[in-house]
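So, here come the structures, one by one.
Shared between the two complexes below is subunit A, which has subunit B as its partner in the first and subunit C in the second.
Now for the complex of A and B:
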């Protein structure tokens, strides 16, 4: 037994109230094993992990119970003892590598520092060690990475550097808190592979916190499922994935989007061409790079390159690609929010609306739900009576409660906020909805609710969707046609079944092979 | 947010004093025993007594009554001058932030030029030309105090205008005016309100200084500044004429500054409570 947690309870003080975030959990981690800790946001998985090395803010939280590690209860350890454990025995990596690295220090300096904090070796040796580590996490050209500031690296490189730092002292336990959530799929699968290799090589244990059963399937040996601060199911990965016992686990597993198309089930829709609603011809858009004091460097990023796209009425086009591939820019071009440098978009006026990824930033925090939903009709000068009927109508379509119309956005959950955003778009009777990663920041159960809602709405209102996503599993569920974007270009555009069964472009194949 | 303000003791203290001052100013005729301009040479320079709680000045006017009427002027000038500055600052700042480019350059360079002049001497010079009276003092303090607020709201809007809800609003067909007034200003006004509260304190001080120099509120209208000026002449024989208006200015400015700091803390999530 490497780590034993007994009856761990965590209370938070929040606005004068005491909230019980973790309600008495027990678990153990063996040597050299990967344990997946799964749960939705708010289930207490991250705070449980943070409390192991006493990283929770002191004043606002009370942690009770027992965390036995190396024959000691870490919860009783003093600041000096816990500091010696952190980093050298138990290391952590986090979701957002850009915020866990110090932006004003070079990568090399940061890793040196981590090593020097625990080991009495010379600076020169520490640097040698650092370069070796960066090689170990498969970073090309470790010397260059060493001398770079974090912002010069890509997201994947940063996460690798974080991992290098975490394993620099050969910890016995690595706590990985959603380390791949912010990364593109192709990079995600590489990072997971790397973690598995390192685990074998260094004989360490890993607690892998995630909300994604796809990742669990790939990496974990044992699984703990958390809900509302309790562990509701625990077992071997194979057992949990194939024969879940708890109702909640079953529901979670069912909600995981999967690619279901098999070559033999392929049904080619007869090619009856509907009315083309949106047409983009030779679209180009570039952004100037502004840097430092002199601003305009003359360099440009070509965000959208020679894009041609036709979208038929009532169909869903999935727009797939990694971050920076130009999906969102294309969406904004289609909507007319920005003007193309060259090329043309043909779209009926005022019929397209947009739903964004982050329901926290897409709703004005100072407006009531009613006013948010009715923004479109207000702008178009609807009368009071009209507004009431529109409000009732769209709220029932999006399954929101009319009684809650006077609440502010922060009083709603993530899923409800996304419904509000959809209701706002529907309030002006659009024909086209541009959905920019509408479910990427939602928990899986809510994700499947929203996807189902979108499908139902499409049927009843005969809407046309442009569905932007990096998640091929979700796109498979939603789209009739799929356009794959890479570096601003549409590299492949075909019917859904075609893409998922016989993709032509090497990039599409790479994307598909990275899907978990 | 209101909750957080009320939890902040110094903000509540400041707000309490300001409320008291406003009540005094509104009900001045009820509180004051004498006409503030009533001259009675026979009772000149009497020390504080039951009859005259704060004594009388060199012309025998009741100092308590004059101080109470002067609070009207101080608050009026503070709020109206800064209200004017707030209006001009928010309009210029939000236009500059929202439209960017040339509009931004022109407005902000104009603000920079205004900031180049030492503010008090600019006010003095303009007053010397247009003549000292309450109205002119208010307008001039207001028109020389908007630059900071314009900068603040511009900075807020620069970051707010890229939010998704603004894009969604544009997709719904909203006009620039609608987006600025319904989304951007309500979300970006916080820091400007803090600056407004500090600005009121500054405006009251400026008015006092101007009146002290004889370029602000003109006698016989009472203002804390011109009571001070008159008191200067009789400093040796009537300490009360200069101490009490001085204290009034001190307490008022302090109250506004405390409220401003409380507001700032309440608006800033990073400040530990």
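Now for the complex of A and C:
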């Protein structure tokens, strides 16, 4: 037994109230095994993991119970004892590689200092070690990475550097907290592969925190399912995935989006072209790169390149691609939020609305829900009576409670907030909704609720959707047609069934093969 | 930077000249036997009869040769007047700035790291008392205590009467002794702002993911705070430093008046009352230049400290 956690409880003091985040959990980790810790946001999985090495903010939290590691209860360890465990025996990788590295220090220095904090070796030898590690995590040109600041690297490169840092002292236990959630699918599967290889090579145990059963399937040997601060199910991966016992686990598994199209179920709709509502012709948009102080390099990033797109009324076009592929720029061009350098967008005026990815930052925190939803109608000069009826109407359509109309965004959950964003869009009676990753930051259960809501709304209001996502599983569920974007171009555009059964472009195939 | 500077001179020139009263008024005000004709002649001599834009162009033509003209009051070159006053003001403010940063950064860091502790609460109270109390009052208190009751510090001017006869070391010590009180008064007032800012900035940084990463790799707490957190928390402070340059001269008016220090603040203040156009304009150009220069330095320092700015994104 490498790590044994007994009756772990975590309380937070929050505005004078005491909130119980983890309510007495027990689990053990064996040597050389990968344990998946699954649960929705707020289930207590991250705080449990952080409490193992006492990384929770001191003043605000109370942790009780027992965390036995190497014959010692880590919760009783003093500052210096726990410091010696952190990094060297138990290392961590976090979700956001863009915020987990210090922006003002070079990568090399950040890894060096991890090594120097635990080993008495010279700086020169530490650097040698660092360069070796960066090679080990398959980063090209380790010297260049060493001398780079984090913001100069891509998300995947940063996460690899984080992993290099975490394994620099060959820890016995690696805690990985959603390390691939913020990455593109193709990079995600590479990182998972790398982690498995390293685990084998270094013979370490891994606690893998995730909300994604696809990842669990790929990486874990044993699974713990958490809900509301408790472990509600535990077992071998095969058992949990095939024969879940707890109701909640079953629900979670059902909510996981899957690609269901099989070659034999393929039905080719005869080319019955409906009325074209949106048309983009030879769209081009480039952004200037600015470098350094007041210097314009004259170089440009071509965000959207020669895009042609026709969208039929009442249909959904899925726009797929990794970050930086130009999906969002295209959406903004379609909406007329930015002007193209060349080309033309034909779209009926005042009928398109947009719903953004992050319902936490896309709603004004100082506006009441009612005012957010009614801002559009107000600008368009709706009367008081009209506004009340619009509000009632769109709230019932999005299954929000009219009684809660005076609340502020922070008083709603993530799913409710995304419903508010949808209600806001619907309030001006649009024909077209541009949905920019509308479910990417939501938990699976809520994700499936919102997707179902969007489908229902499309049917009853005969809406046309442009559905942007990097998740091919979600797009498969939503879209009639799929456009795959790569480096600003639409490299493949075909009916959903064709894309998922006989993709032509190598990039589309790579995307599909990365789906878990 | 140059266009901004020119813009500033145009606006200030216009505002000053539109304000009622002329420098020549003062010369003739208490002399009833000066008739209208003589007044106009006087205006003519100084070029004050011409349209304002002509006056401006004449002024800026001279400025291009770094000639600020002569004072209307004592007919000395403005350049000379400013160059005796400016160093005093800069010296006082640079010293005060140094003291403010020397104290407020550690105070801010410590209050943030031990948020809600006794240290945090007491420093908050003291720092705000210093911030809220008017500087002239604090100045008078310090003067009466250290200067009158204890009699250990001089209360006015920047040098003793027999300054000329001192040796060099003695001279430096003498100036320092004179500066203790004024510099303290400015520092007490400035401490609150910067230390609060530092605390806020530090609090924001401490909860960042990369600080957690630093802890997770087993770095000693000191390294976590002073290398990882402080390095990032200081970035916004650089901007503040640049922004505080303009207060150099305006903030000096009160202090220089209380302690009768012959500095820029007092010079400007007096010139405004005597409508000494050339001195006012020169003072404004100097302070505008200092402000823009301060901002430029801050921008460069920021770019140096933050690689994300240096390399662009």
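The rule is short, and it goes like this: the second predicted complex is superposed on the first by the 515 of 516 C-alpha atoms of A that agree within 3 Å, B and C clash if a C-alpha of one lies under 4 Å from a C-alpha of the other, contacts with A are read in each partner's own complex, and residues count from 1 in each chain.
Here is the rule we use: a residue touches a chain if its C-beta (ideal position, glycine included) is under 8 Å from a C-beta of that chain, and two chains touch if they have at least 3 such contacts.
All values reported here derive from a predicted model rather than from experimental measurement.
**Student:** Does subunit B (first) or subunit C (second) touch A:149, or do both, or does neither?
**Tutor:** It touches subunit C, and subunit B stays clear.
**Student:** Determine, under the contact definition given at the top, whether A:67 touches first (subunit B), second (subunit C), both, or neither.
**Tutor:** Touch partners of A:67: none, neither subunit B nor subunit C.
**Student:** By the touch definition at the top of the document, which applies to A:421: first (subunit B), second (subunit C), both, or neither?
**Tutor:** First partner only, subunit B.
**Student:** Which holds for A:482: it touches subunit B only (first), subunit C only (second), both, or neither?
**Tutor:** After superposing on A, A:482 lies clear of both subunit B and subunit C.
**Student:** Which partner does A:394 reach: the first (subunit B), the second (subunit C), both, or neither?
**Tutor:** Neither partner.
**Student:** Please determine whether it is subunit B or subunit C that touches the greater number of subunit A residues.
**Tutor:** C
**Student:** Look at A:362 in the shared chain and tell me whether it touches subunit B only, subunit C only, both, or neither; answer first, second, both or neither.
**Tutor:** first
**Student:** In the overlaid three-chain picture, which partner chain does A:380 touch, first (subunit B) or second (subunit C), both, or neither?
**Tutor:** first
**Student:** According to the stated criteria, A:350 is in contact with first (subunit B), second (subunit C), both, or neither; which is it?
**Tutor:** first
**Student:** What residues of subunit B sit close enough to touch subunit A in their complex?
**Tutor:** 163-165, 167-175, 178, 182-183, 186-187
**Student:** Which stretch or stretches of subunit A touch subunit C in the complex?
**Tutor:** Touch residues, subunit A against subunit C: 50, 53, 55, 57, 59, 79, 83-88, 91-92, 94, 96, 99-105, 113-114, 117-118, 149, 151-152, 162, 165-166, 289-293, 295.
**Student:** Hey, which residues of subunit C end up touching subunit A in the complex?
**Tutor:** Answer in residue numbers: 115-116, 207-210, 212-221, 223, 227-228, 231-232, 235, 299-300, 303, 305-313.
**Student:** Can you tell me which positions in subunit A touch subunit B when the two form their complex?
**Tutor:** Residues 332, 335, 337, 350, 352-354, 356-358, 361-367, 372, 375-376, 379-380, 421, 424-425, 428 of subunit A touch subunit B in their complex.
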